[in-house]
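Next up is a structure, given as structure tokens.
Letters A, B, C, D, E and F mark the chains in the order given here, with residues in each chain numbered from 1 onward.
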Amino acid sequence: MADLPHLTATGAAHMVDVGEKEKTHRVAIAEGYLEMSPAALTALVEGNLKKGDALAAARIAGIMAAKRTWELVPLCHPVALTHLEVEVEPVPDRVAVRCRARAETRERTGVEMEALTAVQVALLTVYDMCKAIDKGMRITDVGLVHKSGGRSGTWQRQG
Amino acid sequence: MADLPHLTATGAAHMVDVGEKEKTHRVAIAEGYLEMSPAALTALVEGNLKKGDALAAARIAGIMAAKRTWELVPLCHPVALTHLEVEVEPVPDRVAVRCRARAETRERTGVEMEALTAVQVALLTVYDMCKAIDKGMRITDVGLVHKSGGRSGTWQRQG
Amino acid sequence: MADLPHLTATGAAHMVDVGEKEKTHRVAIAEGYLEMSPAALTALVEGNLKKGDALAAARIAGIMAAKRTWELVPLCHPVALTHLEVEVEPVPDRVAVRCRARAETRERTGVEMEALTAVQVALLTVYDMCKAIDKGMRITDVGLVHKSGGRSGTWQRQG
Amino acid sequence: MADLPHLTATGAAHMVDVGEKEKTHRVAIAEGYLEMSPAALTALVEGNLKKGDALAAARIAGIMAAKRTWELVPLCHPVALTHLEVEVEPVPDRVAVRCRARAETRERTGVEMEALTAVQVALLTVYDMCKAIDKGMRITDVGLVHKSGGRSGTWQRQG
Amino acid sequence: MADLPHLTATGAAHMVDVGEKEKTHRVAIAEGYLEMSPAALTALVEGNLKKGDALAAARIAGIMAAKRTWELVPLCHPVALTHLEVEVEPVPDRVAVRCRARAETRERTGVEMEALTAVQVALLTVYDMCKAIDKGMRITDVGLVHKSGGRSGTWQRQG
Amino acid sequence: MADLPHLTATGAAHMVDVGEKEKTHRVAIAEGYLEMSPAALTALVEGNLKKGDALAAARIAGIMAAKRTWELVPLCHPVALTHLEVEVEPVPDRVAVRCRARAETRERTGVEMEALTAVQVALLTVYDMCKAIDKGMRITDVGLVHKSGGRSGTWQRQG
């Protein structure tokens, strides 16, 4: 097959070849915040949102979105998640909702994007349910907290 | 139909009734940032990312995700967007990539969530393409900038 | 255009022409049951399922599936739902979980399939979360309860 | 990694960890019925439905839905089906259409939900194509018939 | 809103603004061919394909894909189709299968892409079902046949 | 399990059983053309299309569609692609745009349909972006160029 040129010698976007990577246990944990007004957080905590219980909806939305990460992010490989947890909870000190997601697989690619997508969509869901009260909310500090498995080994966020 | 009870008298999540809302011209603009290391931003700007051209990929991903917002966010109504623009560009001063999205419709519901989803997925796409270089990137300050149309009128972010 | 033949003169499946139908307020209510063992119902009610809270997950799943009805059922028209409620609750007398869904639109086609799809997927979700306890559960008596709007007028289930 | 807390210690919904489960040959067979009026069944059998051939459409719809089960049912794992058959046929004695689906995989999770989803969506498709004739149809007795493979071994419906 | 810059002044891809376009009756008809070996066509016509009846499957696949055109083609607007017919039939003279699709809407954008997508996916489906017999098949001459409605008026293919 | 009848003894469409096939390295390369008027090709090459840069959009659209092949083509198995490249470029001699796609996996089924779907949707995307200039374009000569891996071994297009 040596004479079959790889198509993308240029800078054009492509899904990189992971065929030679090992199937190992890979874990990724991501987190992020939705900062809101005290009034919005209070309504959310007291269950007074017009659209209903935001935290349960956000958890489910985050789980469902993580499974579809490769449909959303063009160059992500399809990956069979073996485990997925999404936690969404109020953080009164920061006047915010925090989401943390943990994704795991036994495949050839990492699952950082899956954990991040879960966080993004869970926070969007809370945003959607609170936006009648507060239009100035911010989704912020969304990033990776931990990653293990695969060639690049374990990585842990500092600070 | 007065004797057909609405099912959700409790706090259970539901898609609110917009049947009586007017079809008007509605616009939403959202923006957000992906903060990264100088090395990652340089690689992106100089076109040296292993996965290819990140900005073009992110724009397309943002556009495609916005159209599917209602599939991702549980209580969003399906909405026919009439216009959608996604801008993704490096902001060297902040050592970041900024995404801005503008969504428009002539339907019964606003399109804030569509603009925000475009920003979120566009930034995830840039993240995916830069993560081999920098695992500590943050998606941050994602929020609404402007909203017009509909009962609640025009809203503009302060500061 | 009289000389442009309609393609399907035979019995081949097709999406029927609704272009001449009126945009009116259309409502559909469907319901159905998941019959299970007393042990499974008790675990569900007491919150002891290994996968977590089944009723909240089922409500969200039903809502999200209803919006995608036209992706699942080949000859359904895409329809913009203006309202959607899904209720999932234990019915101890029948040793079952009952789901009821109410869908509304202002479009050219009815939303019976949307209400039924919500019920089907909500009950599948409860099934999924209880199946470690009981493999003999049955989804049963899924049907339309009420329909109004459109040319065929109001229909109400008897008995 | 012992010090990385699993996020969901509470009853919140999550996709359970199947990473330690074995990849084995797993089979599931499900079935269900759509009960209808004699007039509707006759029209279906004689090919007089306005929307076209219902049985072929239902088979395809069932197959396509089964592959997307994990998109619909929030806590289902993505699974690569290796085999899928959907049978849809009239059962004149019961004045009904029966659907049976057989799903197989070689993965870490069972495929009961995939077989059940195929049945549900195939029957919804028949419903959609017959509803102009009969609005009182019922989808009923949808359940698992057989399951084999995996830790819990073989299970066969009684009676 | 004059002071809200449109984001895309450059050549970056975007979904153009159709907000000012009229809602009118729009029709598009597309067609295309799958050319194959006589052996493959014979197997298809005589119902001897290992995967089953290709024409019925292709029709359904074409219909379902047309509804999802805007999910596949990045800059297509979501559009509510009011009518969709897909015809797939052998053309012995050309040793080929021909697909023709007719799409209609009452919205602000044309449905050429929907008709073309139906043809493309229907032919892919036939390809998939015949490829065990013939790997050298070609999908060819896929194009628009007729278009009416909207600002650009009626267009008819010559020759 | 010998007494569990396979459901489809008839010619009904089904997803064939690949459970006994080997996991091997499989590659498929497909190509196709979009023939257009000189004016359309010039506008595309010079970057004067109203919707923006067509080649970058088409590459991304092709990649994203290939991953969803099994959602579009009813009897395709879900497959985890390990590599995917899509090349889209003008071919002035033919007054056309050529798309070539290369797909790879390590799974039990070939990826011909994935490579073909990438080509089809990439060309549809270019079509969409040029159609304001030329309504008579044709997608043509879409076929497999190379296939390797799996029981049927290596196949190369002649001529």
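The rule is short, and it goes like this: a contact is a pair of C-beta atoms (placed from the backbone, for glycine too) under 8 Å apart; a residue touches a chain by one contact, two chains touch by 3 or more.
Quantities reported herein were computed from a predicted structural model and do not represent experimental measurements.
K.L.:
Among all the other chains, which ones are in touch with both chain A and chain E?
P.N.:
The common neighbours are B, C, D, F.
K.L.:
Once the Cα atoms of chain B and chain F are superposed, what angle does the rotation have, between 0 and 180 degrees and to the nearest 5?
P.N.:
180
K.L.:
Rounded to a whole Å, what is the gap between the Cα centroids of chain C and chain E?
P.N.:
One centre to the other, that is 29 Å.
K.L.:
Quick one: which residues in chain B touch 2 or more of the other chains?
P.N.:
In chain B, the residues touching two or more other chains are 8, 12-16, 53, 56-57, 60-61, 64, 68, 74-75, 78, 80.
K.L.:
Please give all chain pairs that are in touch with each other.
P.N.:
A-B, A-C, A-D, A-F, B-C, B-E, B-F, C-D, C-E, D-E, D-F, E-F
K.L.:
Quick one: in the complex, what on chain D touches chain A?
P.N.:
For chain D paired with chain A, touching residues are 1, 4, 6-8, 12-19, 70-71, 74-75, 77-80, 107-108.
K.L.:
Which of the residues in chain C end up touching chain B in this complex?
P.N.:
It comes out as residues 25, 27, 29, 56, 59-60, 63-64, 67-68, 80-87, 100-102, 104-106, 146, 148.
K.L.:
Using the touch definition from the top, list the residues of chain B that touch chain A in their complex.
P.N.:
8, 11-16, 32, 47, 49-54, 56-57, 60-61, 64-65, 68, 72-76, 112-113, 116-117, 120-121, 124-125, 127-129, 131, 135-144, 147, 155, 157-158
K.L.:
Within the complex, which stretch of chain C touches chain A?
P.N.:
Interface residues on chain C, with respect to chain A: 53, 56-57, 60-61, 64.
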